[in-house]
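Mind having a look at this structure? Questions to follow.
Naming follows writing order (A, B, C, D and E), and every chain is counted from residue 1.
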Amino acid sequence: MLTIGGIALIFVAMVVSTIMDGNSFGPLIGPSSMVMVLFGAIGAGITSFEISDLSAMPKTLIKAMTGKPANGDGIVNTMMKMAEIARREGVLALEEKLKDIEEPFLKEGLQLVVDGMDTENARSILEVQMESIDGRHQTQISLWKAIGGYCPALGMMGTLVGLINMLGNLSDPEQLGIGMSLALLTTLYGVLFSNALFIPIGNRLDTLNNAEMAVMTLIIDGVLAIQAGASPRMLVERLESYLNPSQRIGHQARAKGGTAEAA
Amino acid sequence: MLTIGGIALIFVAMVVSTIMDGNSFGPLIGPSSMVMVLFGAIGAGITSFEISDLSAMPKTLIKAMTGKPANGDGIVNTMMKMAEIARREGVLALEEKLKDIEEPFLKEGLQLVVDGMDTENARSILEVQMESIDGRHQTQISLWKAIGGYCPALGMMGTLVGLINMLGNLSDPEQLGIGMSLALLTTLYGVLFSNALFIPIGNRLDTLNNAEMAVMTLIIDGVLAIQAGASPRMLVERLESYLNPSQRIGHQARAKGGTAEAA
Amino acid sequence: MLTIGGIALIFVAMVVSTIMDGNSFGPLIGPSSMVMVLFGAIGAGITSFEISDLSAMPKTLIKAMTGKPANGDGIVNTMMKMAEIARREGVLALEEKLKDIEEPFLKEGLQLVVDGMDTENARSILEVQMESIDGRHQTQISLWKAIGGYCPALGMMGTLVGLINMLGNLSDPEQLGIGMSLALLTTLYGVLFSNALFIPIGNRLDTLNNAEMAVMTLIIDGVLAIQAGASPRMLVERLESYLNPSQRIGHQARAKGGTAEAA
Amino acid sequence: MLTIGGIALIFVAMVVSTIMDGNSFGPLIGPSSMVMVLFGAIGAGITSFEISDLSAMPKTLIKAMTGKPANGDGIVNTMMKMAEIARREGVLALEEKLKDIEEPFLKEGLQLVVDGMDTENARSILEVQMESIDGRHQTQISLWKAIGGYCPALGMMGTLVGLINMLGNLSDPEQLGIGMSLALLTTLYGVLFSNALFIPIGNRLDTLNNAEMAVMTLIIDGVLAIQAGASPRMLVERLESYLNPSQRIGHQARAKGGTAEAA
Amino acid sequence: MLTIGGIALIFVAMVVSTIMDGNSFGPLIGPSSMVMVLFGAIGAGITSFEISDLSAMPKTLIKAMTGKPANGDGIVNTMMKMAEIARREGVLALEEKLKDIEEPFLKEGLQLVVDGMDTENARSILEVQMESIDGRHQTQISLWKAIGGYCPALGMMGTLVGLINMLGNLSDPEQLGIGMSLALLTTLYGVLFSNALFIPIGNRLDTLNNAEMAVMTLIIDGVLAIQAGASPRMLVERLESYLNPSQRIGHQARAKGGTAEAA
């Protein structure tokens, strides 16, 4: 929601400032410029990337629009409970709790613990998976940013085509202005698509991925600690280090629980 | 195929938007601008790189046009079968299966296992080879990108040559427009060659290389696991971590096979 | 204070040079340009980052304005005293001194020592926390720099909107100048907001974070040395390596104390 | 030779396209622009680098023009022979063969083996030397690239000086064109020197250095394997991993020799 | 000295080319442009960095002007002598020689050896100190480069202020040229200060720091070898690897001494 709001705000700023300056919107509408920049950008994208990555763009766009960063605090809570169970009843007792866990990476990590996989292999499988997910996200991020990087050049190409035509036919000075106006429009569309769509979306996907990777690092650390039989109090102390103090919402409750457990 | 389609789409976008704006194509055809940008770029390429690397450009262009990323899922299948054979009949039994394997890096890795090379040396040989292949690809990638980086500067040089001539002879204003139109054409060609050919091809080679390196990492990991006598089920679980979930096409079949083997 | 002074100096330089050139300020005031650049930048920021990170911007702005780098020399003094106590009376004796320590990271580190946590875990918890703080700061730094990066493009968009309108209506040459003047104003605002506000603030946050991370590295090193029972003289020698010679204000006093302790 | 040909090709492209456009060369000759860009670049180079590094530029220019990448295949051949001798007659027997080896780094590495230096120290000395050579090459590479980076700015400065003078004296429109033509010439020279001389030479030195470092890595690996008493067949298999398949010219011959030795 | 000469050469190139083109210097003198660029750059510097770092700029400027890279060859000589003494008379005998050593880092390293500090701690203290010195130098380098990066933007701001004023008042075409001339002057000053002062000085500090760090690495390696009781011949062989062959001035003399010692 907020992401759409951000893009909308850029357009609102443009509309309001255009009205304030007494400019009109008619000359700003250019289907030909849109064709040049948008189809050109898609063409450059098809050339540069896999078609399977490009066809994932609508899905990542929706993710960028609606995605929320993982709830690190909730995961610390879940892991504390799992650590308590593992300590009291053994790691096999975790199996029936797994179906209540929503976060798939945590679920998979604990499944490995339940399966009795050794620490070395469990760490390696989880890390490879995390890197693999990171790699896929990085591809999408670089896709949006790369297309955002092609847009201004495509806009400039359109403007040059217009200028070259206009300059070859300088007889009517009135036409000169209109031709140049039309030519510059493609540059505007190139800068606009780049800075109000592709690059901000790429940056957002980057922001979301960073948050996701941070939570995955926390999960790997916690899962291996549970396997090693860490006390819930120790585990919480360790895992809270990963969280921003403002994110440690359940800190009070956990501290109490931890004390109870320690007693 | 798709790569050619991508480049074609950029040109289609340019043609359509030129027609929509009522511009003509005559002034956009400039053999002199083509000579300046294309031969200049080749010259800068010859200066910057080895002639052997440059002469490999047509081959890499074809690869960029037709290359498909390695089939990670098929390789996991093959490796599972190899692990089953190695477990049942010993690693020497792999020898006669090697001729059926298409992927040369996997073939070579398993050959080392059959030859009884120790883990340390096998890993080191495979990693050196992977780095060596990566290095060769990086040279080609940087070649395409570097030439793509020279093009706009060469276009600007051509434009400056035209402008300097035109400005020294301002008597005929009609000629002024035509001279400037011709001068700007070289800039257009520089931006066009850079953004619709060299840089997208460089990016595509990068995309293909990343996929190839990911599969090679998977192969090295799997080959060493087979040598260490890993169970097929374990091996599959490990190697599937490298794959995008959507790539794990044979997951169901393998899981069944794995269970059968475990039973 | 000095940070505000720095930004003020840029504006003073602009005002003075405008007066010296006999230019007037009237044409430089453009509410529409401000709307375009500032709201556009906020929109691009909302799209690219978490709303929670954006809402922390006023707080980080105040920090950038008033923040002072941590006092490394004072911390070395405190740690020397703590090392003396730990050596004479044992690490448990540090507990009652903790309440006098202001630096929270040092406090937390010594608390872990008092709690008897083993070196491995203590180092890991402190390092995770340091990385976590660094990560949060990096997000803020990249936020300010990213918005500073969007501003010139937004300014250029506003200028293009103005130019396109102006060129479509070339009948009145007097209006032409005024239209172009107004159009260029948005570019000025884009460059100004970028180079006199967002990017310098981002750089300052970077400077402050570097200093803070250096002190944290010193603290981790020192806390683990105290836990390992290092002599105060040794500790000081070690920790002073982290300080700029000009920062080693208490060196003389410490050296004397160190000698006394060694005797 | 080819490097000179590459630079020549850029100039040929410029000359041909200038003739094709019917432009003349007279206005393109500007001794003042040459003074500005070339001496300015030398000045910026003197300020930025050591005079000893600058005075090595003619030597590196000749190297860039004539240098050929090391013959990795020949070195593998030599090392195979050395490994055979070392195995048959002991490492001391290598001493009298050293004088036939041309590659100085290989000579030095084998000398260390003959001198009986332990693996640890031999590796460390060879690696320090390799890094030291790499460092010196990097300085030259960054020197050429840095000067190539200053050129366009110096060209722009010259153009601004010309424009500022021209604009202050607008009475004669004929002069205006000539003044602007002359002013733009410095920009042309700045772009030309940067993109047709300094940056391509810097890139070529980079290409040569990469090839040289790859061969040095191969040599270090091989020398230590000879010291460790590796079999010639093993050594060749290992070292060929470093070579591009197209570079493994002597592969057939070596494989035969290797088999002979293994028999 | 040479650094000043380099900056002077840039100005000489500009003066000579201005005279060659028959341009005059009057329009190039602009106190207002100087105020805009220089004070603006100082303001941006104050905002971005610590005041203590900024106030060290005159000192680093003098260092950039007069600094010479450390004499690696002389240090190898000194260390060889120290190794001989340490071998013959024990490390304690080094104490009285320390006062003759000029290089402070070498003095400090040998002092640690004399004090009997263990290798681990000595290495760690020396490395922390080296990193700490490197960090301080990097701050100064980034300070000069960052200010050099702000200058062109500040120049552009000044030019935009002038253009906006000029375009709002197009009645007198004669004034138009003079206004634009004055406006462009600030751009010239921005590019000039950036490319003829701040960035070259930043690059020079970088060059000096690289040389200093290389010598410090050599010193740490040598000091630890002396502590470990390395033979002078071995030490020299090791340390000479760090030096450029052209720097190994004392190689002949040392080789003779080394042989004498070995005998």
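Assume contacts are C-beta pairs under 8 Å (C-beta built on N, C-alpha and C of every residue); 3 or more make two chains touch, one makes a residue touch a chain.
These figures come from a predicted structure and were not determined experimentally.
Undergrad: Return the chains shared as contacts by subunit A and subunit D, ordered by label.
TA: B
Undergrad: With over half of the numbers shared counting as same, classify the subunit A/subunit C interface as same or different.
TA: different
Undergrad: Where the CA atoms of subunit B average out and where those of subunit C average out, how many Å apart are those spots?
TA: Whole-Å distance between the two chain centres: 40.
Undergrad: What is the distance, in whole Å, between the centres of subunit C and subunit E, each centre taken as the mean of its C-alpha atoms?
TA: Once rounded, the distance between the two centres reads 25 Å.
Undergrad: Scan subunit A for residues touching two or more other chains and write them down.
TA: Expected reply: no residues.
Undergrad: If you start at subunit B and step next to subunit D, which chains follow, in turn, all the way round the ring?
TA: B, D, E, C, A
Undergrad: Considering the complex alone, what residue numbers of subunit D touch subunit E?
TA: Contact set of subunit D toward subunit E: 31-33, 35-36, 38-40, 42-53, 121, 124-125, 128-129, 132, 135-136, 139, 146, 150, 153-154, 156-158, 160-171, 182, 186.
Undergrad: Show me the residue ranges of subunit C that touch subunit E in the complex, using the header's touch definition.
TA: Interface residues on subunit C, with respect to subunit E: 2-3, 5-14, 16-18, 20-21, 23-24, 27-28, 69, 173-174, 176-178, 180-181, 184-185, 187-188, 191-192, 194-196, 200-201, 203-204, 207, 210-211, 214, 234, 237-238, 241-244, 246.
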